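Accompanying notes for the structure given below.
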Amino acid sequence: MTILFETRSLTKSFFGITAVNNISLEVEEGKILGLIGQNGAGKSTLMNLIGGVHQPDSGQMLLADKAYTPRNPADAKQAGIAFIHQELNLFTNLTIAENIFIDGFPTRRIGPIRFIDRGQLKRETASILEWVGLDVPADTVIETMSPGERQLAEIAKALYFDARIIIFDEPTTSLTARETERLFEIMRQLRDTGKAVIYISHILKDIAAISDSIAVMRDGVLMAQESAESFTIDRMINLMVGRKLEQLYPPKTAQSEPDTLLQVKNVSAKGLVKDIDLSLRGGEILGLFGLMGSGRTELARIIFGLDQFDAGEIYVEGKRRTANSIRNSIKNRIAFVTENRREEGLLMNVSIADNTTLVSLPQFANDLTLYVNQQALSDAAQQASQILQLKSGDITTQAAKALSGGNQQKVVIAKWLLNEPMIFIMDEPTRGVDVGAKYEIYTIIDQLAAIGSGVLFISSEIEELIGMCDRILVMSQGEVVGEFTRSEFDEERILRAAFREGEEKPHAAVK
Amino acid sequence: MSAIQTEHEPQTLNLKRIKATDLATSGSLSDRLVRWGKKLLLSDYFILIVSIIAYVIAAQFFDRLARPLNMTNQLSNMWPLFAVAIGQTFVLIIAGIDLAQGATIALASVVGAMIMAENLNPDMFDKLPFWGSILTENGGLLAGSPIATPVAVIGMLVSGLLVGLIVGTLITRFNITPFIASLVGFIFFSYFALWLTQSRNISGLPESFVNLGDSGELISVYFGPKLDPEIRRRDILAVVTASTVITLGLAFFAGYLLNRTIFGKHMIAIGTNPRAAEISGVPTRRVITLVYMFSGLCAAVGAILYTARLEIGQPTLGGLNLLLDIIGSCVIGGSSLFGGKGSIKGTFFGVVFFVLLGNILDAAQMSPFVIDAVKGLFILIAALLDYTRTRLVRVEQST
Amino acid sequence: MRRLSESRLFNFIINNSTGILFVVILAFFALTAQNFFSLDNALSIIKNASFIGVLAVGMTFVLLTAGIDLSVGSNMYLSAVVAGLLMRQFDIPVWMGLLTALSIGGLYGLFNGFCVVVLRIVPFMVTLATLVMGRGIGTFLTQSEQVDLPERVNEFGQLRLLGIPMPVIVFLIVLLIAIYILRYTPLGRQMYAVGNDPDAAKKAGVNTDRVIWSVYVISGIAAGLVGFVLASQVMRVDRSFGESYELDAIAAAVIGGTSLFGGVGSALGAVFGAILLQMVEAGLVFRSVNLYLQPMVKALVIFIAVFFDGIRTANIAQQRRRYIRNDLDDTDAPVSSASLPEPKPVSES
Amino acid sequence: AQEGLTICFGFQDLETEFWVAGHRAITQTLRDQGVEVLEFNANEDPNRQLEQVRDCIAEGVDGIIIIPQDGDSAVTIVNEAQDADTPIAVFNRPPNDRERGIIVVADNEIITEQAVEFMAQKALRQYEITQEPITPLILVGALQDTNAIGRRDGFFNVIARYNERYPGMFKEPIEVATEWDAATALANLEAAITANPDVDFIFTSSDFLFPTIRSVLEPRGMWAPTGDPNHVIMGGLDGDATACMLIDQGYVDATGVQDLFLEAELTLSGILDAIEAGDYQPNAVLPDPGFALTAANIQYQRSDMWGCVLYDEGFLDN
């Protein structure tokens, strides 16, 4: 075993918060290192230091026993470090191929003039795409791709060049089990060819399954780095959170009520969804499962009034909705946590407090003078951030973009919570959230249901749906293809339904 | 001026405090200077302070700058520019741009004059489109009537609101980028105003209107000997005029809207991320349209001040040069063309910068052949200093 | 089936709306104004569109990176002044004059780039300042007097190749070079990337400074070129030479589909926008429209063109969007699952 | 006697030869006499000019000379100065109310009429011979500029007058917008000539557009001196050096001349005399009748035209 890379007493702080505190980490050749920690523990920041995105305040880094001081991402790349960022860094106006080769296109000469060699570009891209299992043409423009496909494209982009260290910062947040499995396959291949892999995830089961060694961070400090065998899930959680988590899901307190809050009848939108029938009662948590691209997000957007539909009806509290508009929905206290927090969820440059109170602003304002009660507003934001255990500086001054990924997700949820939603549509609400915070979010979902709200819970993590929901609907190709009540919950059956497979031939990918 | 003076007090207080601590830590003079310089650079009032320091230094060389009358002149020059820039600030905050302001000033000026002008010479005006109906030999629509001025003022404000409504509608309903929508408005209404008067100015505005500008003196000062029987007009300094009151009123209203109301929060949300704002229930279209209407309103207020001081309705008021000064003032004052940033205070400082820069350059009596080159250089330096400031602020905050 | 073909026609119209608008305007003037539809007039329109057109092509590069160049008009003036003065004072040949104008334009752009990249001042302020400065320097050099160009420049200006006026040829060459850079070189694609997300570009290892610097130089060279070519047409450079051309250049670029927020746009679009504008202007002269109404009509055409372009892009985006289901053209027929693309398992583990 | 005086000179822009020459005539003469001159450029913004005049008053200058942007803002500015006891003179563009201030008037409309009159005479002779109606074209200046409007009015007055006397002599004039920009003029003139190849009578609202006109006409074989059958009757206004040269060469038939030197002299003597007399509100109207320099009178009146003086000094030489 050889140590390919190490950090020595690395420290970095932002705005008085020490995100990375005196960390000495070792990365071995031919091994997969799992890195875990709560939201805001400093994982991404540590990786950003390695990847040249930020520069450390103090400490050193050694790459193959030589001092390594990247001034920018290009330096890191030069040194053989590939980095798949937590937030997507794709150029939405360019094709996959162009994204992959943006810093080094293959060219060829025609006469005296050099041209980008589009043929070669396409060929090379196609082979990488096949490797990561993304089945779209190389000249697909990113804009037209779903979040999951984009994440695969991002991975392909990082893998095309021959790196020595590959960093995956939560790469599976938009992937389904199948793509995740494929990704692990790739990671193992990389390891077997002698590369070092760093893998960050909040899905501890995955970490346990794939890592050779595991490092745990808490509040910027490295708590432990040991071989994977010496960790159990409980120990990981204990080290991460600093306490024991008895259960992953809170005890269920909510009871479904008889009255129907939301009724979707025969709703169709050309090319997207067809003949959707769905009803949601007060106090009910309704799960919506499906594979990538099965149309759950589209359905959620239609219900929220963000997109229009061609046929069918939607009833809210028994009243037929005539105008399909966002503001109508908000007036009816429907909330929508988007799966795309960067583009649709947050005002990145605006303070956390202002983000948190954006939806419920009218509550704090005088109708006539429009005057906003600043004190009430920041109190409410403060309260919400405490409930969700937001890890941040001063919420009235810190901008949302300076939060860690998971904490950003909490802000999106807090924003809707303040409006006291009656129907809460959550599209992948726990994506990128740590175990502790997940528990908090589940508790909130449960409490909401307990006071009579209905929750439409969209997730790709089948376990959490089983843990939380009263009922699960399964979607495939824009249609509802299965419904399971709590007593019928069974992971394999639900997955089969999602694949549209008969009971008799279980799919190979399903374990 | 009052705004500037009150802001000065904390500054001197800070100075004292620094001195006290310095004594305790026995910092050297250069240390103190560095610290003081840093403090200045980090202040929100940076552009204002730089402008005033530059002005004070320049006044040592060109004593005409220090004359009281010159100072009150500069003050009165700021108000109309500031009034228009307030509207532009709003538009910049929502990541827009309003070129149509240039035309709005012209249109409002002409519309107002067509309502209230007295006596029009038929030789000059009989080719106008509305000759014989709105305009006659006796003047505009309401010539001579006591309600002429108030109606004209309302008419001007309404034309500003209308132009804003049209530009806002192009943006929100027809999905046209603000630059083009307002450019279309700029070209269209510029020539519409010219067509209305066939390029002619309309003079003969009533006294009651003219007094809305800086000839409407509210507080004047005289520094001469006490019992001089004949005070020359030029020795009387108009410190507070109608235009001061109108513009400051507008500024405080805008500041209230921006900083204290839900409307302002919605503006910032739209300027930062329109999609997220929309999904969070912000009525984006309505807010955007209202912001452009407010911008038109501000331009119309500017038109009132300009028209009153020139005493003519003029279809060529405004224009591109003025527009660049206005947007420049906003940007120097901290507004970003990419939205989400901007303040009324900052814009005021930007206006101060542009007005004082013009005054200093004129006072320096540089050859007209080099003055523009120097002006450009100074704009660049100011922008550079401001950038250095924001960078330092960031560094300061992170440690 | 009928509905399908209808929707196809509809889609065709929508997807080519800007082109159709162009043809409609052309047809209108061709039918209502004598001599409008002629090769001569076409060449004249393209020639006169070439000045704004070349500026707009240069501007497109800057806009692609979410920058702006307000200084092109002043740059034209300064480049033409220096070239003109040198040709008068030192009798240098025309080609050297052209080279001078290109270099001055390039240096001007280099300075803009320096302020944006190194001093990190926002492009709007930089180019606003150099707009004032550039004209100021030109005024200083000429003491505000006009520069009359020597006679031999006129020969160059009136040059024709196969009957095609020189400015049209220049226009074509500029277009080809721009298309080459934007579509076929790494630098060009990086410009799109920088405009789309500068941070991501940095993380991807793109030398964003170099990219940004180069767009200002390109825009500067284009301005220098226009300065010289236009001067060779009007044979005189006075103080208002090129004044407020920046707005027309930006308008032409935006009509051609370029976004002011970066990442979207093409050189061909800019050329198209410039020609459309010039065609309308010429048509209005042909029809002897009232002088006050001419600019108002022009404004309306800009509005309509941009409006249609918006619809077109929205529609193309809509069509490009991949759907979950293929029931777009008829809702009645049930979707057989056989016709759906099967979700293929990626690994057979 | 002028030593120690300070005079403030506010002008609009120096964008054409005419204004540059006027600027020079005024500032140099004053400085030669030992007067301190404060210069202010308002960049075509009357409001800015008003501000600058106020600054001059604040400065306590002895007198003010302005070239206003238009006749109406001039009234306001003159009142402003006189109310503050500062003598003021207005150069070239007259205020619409001529009661206050020293006003040196050059009436664009009337001078234009003189030049176009000469052209029309020539056209009449041609019309009488060929009986072909004349197709007139006018290059109109910026619609924002009152001078341009005055010149356009003068042009139309003459055309109307001739059509009244000789019905059918002139076709409907073709108006071409220039926005005072050579490239716009180039494009629009080219379009207009393509649309109406029979144009044989061109008036430009400013002489500075002659090179542009040439580059449109020359390739079409329409750039020909008097006497040539392809000659287009041509005239302009300003009286600059190029116009003088082109009249010499026979391409241009007439140009309306504002007597720049006379105007400068009237302005200066007016204001200096008032200062000497201690008159704070001097009022006078001093007309510059202007004249048309034509192919017919260029021998006698050459030296009265500022452009010819420049031309003869070698202004256009390389």
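As written, the chains take the letters A, B, C and D, and residue 1 is the first residue of each chain.
The working rule: contacts are C-beta pairs under 8 Å (C-beta built on N, C-alpha and C of every residue); 3 or more make two chains touch, one makes a residue touch a chain.
Being a predicted model, the structure only gives us computed values, none of them experimental.
Under the contact definition stated at the top, the chains bordering both subunit B and subunit C are A, D.
Ranked by how far their CA centres sit from the centre of subunit D, the chains are topped by A.
Comparing the chain pairs C-D and A-C, the larger number of C-beta pairs in contact belongs to A-C. Averaging C-alpha coordinates per chain places the centre of subunit A 72 Å away from that of subunit D. Inter-chain centre distance (subunit C to subunit D, centres taken as mean C-alpha positions): 36 Å. Per-chain CA centroids place subunit A at a distance of 40 Å from subunit C. Look at where the CA atoms of subunit A average out and do the same for subunit B: the two points lie 46 Å apart. Counting partner chains per residue, subunit C shows two or more touched chains at residues 139, 143-144, 292.
Touching of two or more other chains is recorded for residues 14, 23, 143 of subunit D.
In subunit B, the positions touching at least two other chains are 191, 194, 198, 367-368, 371. Listed by chain label, the pairs that touch are A-B, A-C, B-C, B-D, C-D.
Across the complex, subunit C meets subunit D through its residues 33-36, 38, 40-41, 44-45, 47-48, 51, 88, 91, 139, 143-146, 148, 150, 154, 157-158, 230, 233-236, 238-241, 243, 278, 281-282, 285-286, 288, 291-292, 294.
Listing the residues of subunit C that touch subunit B in their complex gives 66, 68, 70, 115, 119-122, 124-126, 128-137, 139-140, 143-144, 244, 247, 250-251, 254-255, 259-261, 292-293, 295-296, 298-300, 302-303, 306-307, 310, 314.
Listed in rising order, the residues of subunit A touching subunit B in the complex are 13-16, 306, 326-327, 330, 336, 338, 343-350, 354, 358-359, 361-362, 364-365, 369-372, 374, 415. Within the complex formed with subunit D, the subunit B residues making contact are 64, 67, 69-70, 73, 76-77, 80, 191, 194, 198-203, 232-234, 306, 309-312, 314-317, 319, 321-322, 358-359, 362-363, 365, 367-368, 371. Every residue of subunit D that touches subunit B in the complex is listed here, in rising order: 14, 23, 38-41, 43-48, 50-52, 54-55, 57-60, 69-73, 75-76, 79, 83-86, 96-97, 143-146, 148-149.
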